[in-house]
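Would you mind keeping the following structure in view while I ask a few things?
Residue numbering begins at 1 within each chain, and the chains themselves are lettered A, B and C in the order written.
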């Protein structure tokens, strides 16, 4: 009669996706932010195609990081506010599984969405079509890792006033390697050299974070709930 | 078996031990740093390439090393406090955080001053300085997180968790910054590290390392006593200790 | 529900919140078939005590034992046997009542929609099954929370001010459910600042502020 780990994972995933899609306006906001921020750079600097192309990986990645950060705050906040987070902790399923499902669901509606929108942004920043595959792959790995790091930060700051700013302060230094490898991979793809090295490093970071971060996020939640 | 450790880690005994160690650390630190400075500034020969400008390494390198050492201490103390619920671990972590951040700042400032004669500019995104900068951000994150909670023990535990996550990330960050810099090598002569040093240059440096460690120990003991008093201010032994001063 | 001879045993629990000594060596015992009523003025630590019993809060000193074993030894097993109702009804406002139940009870055991509908009928909110929780009144939300407690089929009920926002019929219903639960051998610990008129074996613990 009891519910297995996989069934619980799927149930929480469905719950999260159900909740996200009931508020489509909140899904769109980070994407719009992503588009707006990428527009800021050409406006602030220059429209020369060559210069734009050089800046493009960095601009794209910084914008993606900031857009992902915006939505991270909401990972645990609404559950903490209405008391359902405690119910999840007491559900009899290990918190690890629940955090895993919530973070994955969060990535699906934020990070994955960013990856899908990135060709639009890439075109705006004069990134050549040949680099798109690398760009999207690096963004996928990077945003997934960032969702995990953000889960730790969100777990620590849920329930704090102005927790949003503190969350960014905590997560951004930890996310700098992501930025370095991700922008580096895209840069190499643009210049035609092999981006394999950077992508492998990014992948390694992703795997490391996906395995270790849920433990840290679970501990963080237990600390905040006490 | 561990009862002696728990007894040692009780607030009154930590207070006493810190008070006893402080004068030792201070005097030894003063002597060792004094020797190191004299040796480094006066006795060691000027560098073949950089002339006398390299001497700032005698402050820069120990500061950088201590910034990492202090962060690790903070993470280990926080970890001990989290796992074994020894509250004094949180006191050590809270006491060491600003010290480590100051060392990081010192490393950045001295590195930047060193950069002026080296690169012609105060900041050139050298990999070591950049990773020191990120380390400073990590410190700021931990120091900002602790007071954000209304319940101080929750703040302690959150800060401890964050410092553990940070300490795991420090090698990753260092490696990624080195990788990044190797791509964008361009003009920076990134030689803020220790080149192969002859003995006469090396031993003052090692002396300064030791001196800085002792200095860190002294400042830590001083701050730790303040932290312990603050955290245990309701306890009877604190009132006795204050009365007896 | 298979209740062993032992029940819930709380021993000398101390909790500090910053400088405040909130719980000062609280002990209590609840045996199967009993209802424990915890009362006290505001700030006495009633909610804190309840959260210590759920395992959400670890006390600085003292222990909580369920069926003779500390709750720290196998937390998920313990959680599977308890149902906790906090101050808030703990419902997602964007989900319907039925969906809320499905996602919460579904983590504990496999349930059919029919069973959940039956629980909602039992607590008098069958008509709200397909309404999003945000349009329900406070009393209706409380009843949906009660339906959740019922549907989960736990041995130990931990309820924090469960009578809040309920009308007279709702209060009578809750009392009847408590009686039914204890008669079937279940245990209940209810935090309430008012008197309970429940026809069950009631013990009482008063906390001082």
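What we mean here is this: contacts are C-beta pairs under 8 Å (C-beta built on N, C-alpha and C of every residue); 3 or more make two chains touch, one makes a residue touch a chain.
As the structure is a prediction and not an experimental result, all values here were calculated from the model.
Visitor: Considering B-C alongside A-C, which chain pair is linked by more C-beta pairs in contact?
Guide: Between B-C and A-C, contacts are more numerous in A-C.
Visitor: In terms of CA centres, which chain lies closest to the overall middle?
Guide: The chain sitting closest to the overall C-alpha centre is A.
Visitor: Report the chain whose mean Cα position is at the greatest distance from that of chain A.
Guide: Of all chains, C has its centre farthest from that of chain A.
Visitor: Please work out the Cα centroid separation of chain A and chain B, and write it as a whole number of Å.
Guide: So the centre of chain A lies 32 Å away from the centre of chain B.
Visitor: Could you please state the distance in Å, as a whole number, between where the Cα atoms of chain A are centred and where those of chain C are centred?
Guide: Whole-Å distance between the two chain centres: 36.
Visitor: Centroid of chain B to centroid of chain C, CA atoms only: how many Å?
Guide: 49
Visitor: Quick one: which residues in chain B touch 2 or more of the other chains?
Guide: Correct list: empty.
Visitor: Residues of chain A that touch two or more other chains: which are they?
Guide: 226
Visitor: Taking the complex as given, what residues does chain A use to touch chain C?
Guide: 1-3, 7-8, 11-12, 14-15, 18-19, 22-23, 78, 82-84, 86-94, 225-226
Visitor: Within the complex, which stretch of chain C touches chain B?
Guide: Residue list for chain C touching chain B: 16-19.
Visitor: Spell out the part of chain A that touches chain B in their complex, as residue ranges.
Guide: Of all residues in chain A, those touching chain B are 152, 156-157, 160, 163, 166, 169-170, 172-174, 176-177, 180-181, 184, 187, 201, 205, 212, 216, 219-220, 223-224, 226.
Visitor: Quick one: which bits of chain C touch chain A in the complex? Just the residue numbers, please.
Guide: Spelled out, the residues of chain C in touch with chain A are 54-58, 76-77, 79-80, 82, 84, 86-95, 99, 103-104, 106-110.
Visitor: Which of the residues in chain B end up touching chain A in this complex?
Guide: 82, 134, 137-138, 140-141, 144-145, 148-149, 154, 157-158, 161-162, 164-166, 168-169, 172-173, 175-177, 179-180, 183
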